[in-house]
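In the two complexes that follow, chain A is the common piece, with chain B as its partner first and chain C second.
Coming up: the complex of A and B.
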């Protein structure tokens, strides 16, 4: 009982203890804020990538594409684990706003907006037609014109606060899109004007996927038009990819394996048919594998953060160690007194470990509370900084996120709490051990001098 | 005198300390026997080893050589757990510099030995009894009105009386006092000695260390420690 009483008294009465509590508080506060923002960012980024890609992609990196995609779609649609599929044409093109002497290199994605919205979150990324994706390529100023959907960062520039100056309806604007059509052999097809295909499209909508690279370089076109532009609409039609959405009860990896198995069988069946060699370049990837190049960078940043905060944790252990060393050095008299009334070495270790636990617990509680309050108000604080000092903490153009993520994850909080208390116990262990193993008479004699 | 009449007996106690490269021999074969109910005072010059001997007798320190027997049982054969229990239940220490815990008030300092011997549940069970015992001791020592004060709010004499209360809390069979008046003025010191005399008259065995032979005259028996040995 005296251990609890004394541990509490040491916590409350010793001013130096406040430094240890402050060190733990600061550390916990920083880790909670940074880990929450970082974890929120990574989670959001992954979610946006999933929304952009769908669960699984059967596709090729080759600009030539692959053949018999419709046959494989039929195979997929007969299975019990696939909910929806969407063929996609992917290529590069030059975008020229009509009336302007300007060429912009863009990526084009030829899609069926309805099918693609069933597989991905495309429909929800539209600004004007997000309630009816079927009209995505029908400009509301003239639905008979051939429409195109522009990535939001291609369509408009952000304002000073990184917001978008949306208009009530899309302004009439025409764009020439020029592609280099390729034959099944990979040569330039002699179609259209010279060796290129050019088609005029009218701005019908904007897509805001939240992925900076996609929104800054992608133009969505009707599937058949894109197929024509890219030279993939020959007697044997080609596509770049098939995006797949699994049924809700299907696990990602299991679904991918099933698709891979079906694809291998399909390839064997098609072996020997015309242009079947193009199937060799096709891979089956889950959305994570497909977007790995982008996600990996973010995950590496997160890992770096964890490592860096691991060092912060080590620093905290060291601070706690120093503070406890000082506290226990000042408490040698108490240790001698306690031993003279029959307290054991283990009891001394328990006393100072309990003290360390209280320091860790109180520091963690204050840090968690402070971090939670800060996160709760982080967007308001950021707005205030911008309004008063024109200082923007969070660059939306880089992170492509509306608000700073502030949803705390209970698992992260538990790990931080456990780590902070463990750090305190670790920091107190050596001084407590030294105190416990000292001879009582030595400590009492030292205090008589 | 039979073996049972001696509460404490030491034979051939040797103790030395290393100070850098030099070994300082403090005790060079101390033989001592203390009877139950005796008030024994050990006198000697400063640095003669009186405090060291007292610490060894109370199991706060261990001798390099020799044995200390309490009620016939060799302390060196006690386990660490038994020694802790011995320091908690059997002996009570009073130090020259009082050695009270600043974080605890007077009452808490007095019942500390009772609290130290119990776990949380054990303490909850005996808390009321222990507090009553501590209050009784403070009443006897004239400090009840100071029960809720902190040690730094007390005078030297009051602090020493609190230390006496703490030493008596678990009703020890042996009271060891190391220069208990050494830090007090003569009037206050005499007050403390009166407390010891009263305790001794009630049957308490006391061993007190002092360098002041005038104070020593109040004891039943005086022995002198010089050159690491008992002279008379």
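Coming up: the complex of A and C.
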């Protein structure tokens, strides 16, 4: 009991302790704000990638694609862990708006909009056909025309508030799309006959996935048309990937492993069949692996930020050390008396550790509260700054970011709280040890009184 | 020597003596020095890396497109005449034309890339930009740059010079950097010099009246597919340039896109200014020449000419640079605010010293030292701590910044974590120049912060009353 009483007494009576609390508060406040915003950005980015990809991708990097994809889709659809599958054609193409002297290098994705919407969030990214993805490639000004869906940043410019100048219905616009059709061996399919395939498509919708690279460079086409353009619609048809969505109760890694095992078996069955060599380039990846190149960069930046805060946090450890050193050097007589009435060394260490815990806890609580309040208002503060000073944390015409993420993550808060208290305990360790090992006979000597 | 002056020297010596004594005897002071050093070094590293990145970003633009770029609203002919006129201006050292388009490049089996194509004049370009240094094969050759295919390649393929057109291809178009080291396998990629590749692109070649009654003009778009031989490989170290660009002779590229044009066609003029030329003045002169040229030679009206953009390469990047500087400011502010705890630390340490050394202070005051002198001892000591900490921090910041690529490589080797990738941060190497202006400001602020931390303890020391402290003894 005396430990708790003394710890509270030191906390309340020794004003120098307030400085340690203030230092902890400052650090916790900054770290909470920065890490909440960063974690929010990373989580949001991951969620958008998952929505774009689906749970798992069986595919190849080669633009030649791979054969027998329909057979493997049948295999997948018979399993009890797959909810939906969608074959996809991926390639590069030249997009030319009709009537303009302009070529734009784009990535094309040939999809069946209904199947793809069952696997990914494609349907929800559409603007005009948001409620009915089956009509994604049917322009509402003439549903008989061959439609294409443009990544939103190909179609329009983002404004300073991350908004787009949507129109009530898509304007009638035609685009020529040109590809190199490739044979199953990767050679140019139309050698001696112009080498390229060109097809005119009409603007039917826009897709806003929230991924800047995707929205700025992807054109979605009907699956069969894309297959024809890329030369994959031969007697043995080819596709670039199969996107898979698992049933809700299936864990990502378990699902991926099951698909991998099915794929290996499938490859063995197909060995020896015509163009089966193309199956060798196919990999099975979870969405995280598939989008790793993009996600990893953000995760690394988050890690670097944590490391830098760790370095700066060392100062807080120093402050706690100094404050405790001062308090203990002023309280040698208290410690001497305590020890002379039988308190053990361990109890002394526990007393000051408890005190350090209180310092850490109170600093953390104030810091968390301040951080939470600041985060609550962060978007309002930014809007105010933009309205009065044209200042934004991120220029929304450059960065594809909407509101500043301000949803606190309980795991992040727990880690910050734990780290702050650990830093205080660390800072108090040496002074507490010194207090514990001090000799009562020296501290209570007559000339000390 | 007057007595007063002697007294002053004595006090100065006493201050120095006490500072050194506290430094030696009060090991806890080393903590404040360490904290200042840590904060200063971190801030210097952050500021230097950001500034280095911004400078590299701006410099890469200058090395790629020259000092000033004239971008016309549409393609225009007779560019040789324009260049001739521009080079007569005192401010302009050299100029070169560019014709740009996008295309698809078929590199081999199953390997197709979307690319930007630039039609260029290689010899002139080398005078305007740092293009020559980017070419793997020709960078050390003494002559002018050219698209000529190396004779050894022609011999191997049993072809005559002139049979095939040569082109330059970015290193990132031909291969990806290694996943772990982020370095290109230059030797393997160099072997692709001499390989034939197929490129498709296109342009609007004429305008025909639309169908009767529609009241529109339909423009006829022409696709063109060409084969060329890789004559050299471009490695600028800027990922986006290396990853997406293909270069062809401008005349040849024009003959593909606009076969009916009899005179040279370009859509951009890139200009190198003479040293010590004022950019604004040069732009005004260039604009004057362009307006006369466009009106007289191209027959453009005033409104159309107005759509021409004439900007320095740095101005073209300014939107992004502003954003980068903002990010740097925010990061420095965050770490600066967290570093405020150093002030608290110094306050705590000095307060402790003042409390422990009250008898010393009382003796000094009883010997005649003024309160201000006593305060100055502690303030001065705080400044010393600030200077020492900043010095150590600056040295640490300098060493880390200069060796940041080595540090990053060691992190990769030990933790398997590749922090810097050219595909994410544009450049293949981390810019490692120390930003001395920011460093100086950070050091200054650190010294001021250290002095601020000692302010209250110094006042407490100054207000010490010897009679109270020494009475008991």
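List of remarks:
As a convention for this text, the second predicted complex is superposed on the first by the 367 of 449 C-alpha atoms of A that agree within 3 Å, B and C clash if a C-alpha of one lies under 4 Å from a C-alpha of the other, contacts with A are read in each partner's own complex, and residues count from 1 in each chain.
Quick note on the criterion: a residue touches a chain if its C-beta (ideal position, glycine included) is under 8 Å from a C-beta of that chain, and two chains touch if they have at least 3 such contacts.
Note that the structure is predicted; figures quoted are calculated from it, not measured.
After overlaying the two complexes on the shared chain, residue contacts for A:309 are found with chain C alone; chain B is out of touch.
Once the two complexes are laid over each other on the shared chain, residue contacts for A:27 go to chain C alone; chain B is not touched. When the two structures are aligned on the shared chain, A:440 is found in touch with chain B, with no touch to chain C. When the two structures are aligned on the shared chain, A:415 is found in touch with neither chain B nor chain C.
Of the two partner chains placed by the overlay, only chain B lies in contact with A:4; chain C stays clear of it.
Of the two partner chains placed around the shared chain by superposition, chain B is the only one that A:339 touches, whereas chain C remains out of contact. In the superposition on the C-alpha atoms of chain A, no part of chain A is touched by chain B in one complex and by chain C in the other.
Listing the residues of chain A that touch chain B in their complex gives 1-2, 4-6, 9-10, 13, 333-334, 336-345, 347, 439-441, 444-445, 447-448. Against chain C, the residues of chain A that register as touching in their complex are 16, 19, 22-23, 26-27, 30, 34, 62-64, 91-94, 96, 98-101, 103-107, 176, 178-180, 182, 185-188, 194-196, 198, 293, 297, 300, 303-304, 308-309, 311-316, 318-319, 321-323, 325-326, 329, 393-395, 398-399. Contact residues on chain B toward chain A in their complex (touch as defined above): 51, 55, 58, 60-61, 80-81, 84-89, 93, 95-97, 99-104, 108, 112-113, 115-120, 123-124, 166. The touching residues of chain C, when paired with chain A in their complex, are 28, 31-32, 34-35, 38-39, 42, 46, 74-75, 101-104, 106, 108-116, 198, 200-204, 217-219, 221, 223, 225, 244, 319-320, 322-323, 326, 330, 334-335, 337-342, 344-345, 347-349, 351-352, 355-356, 417, 419, 421, 423-424.
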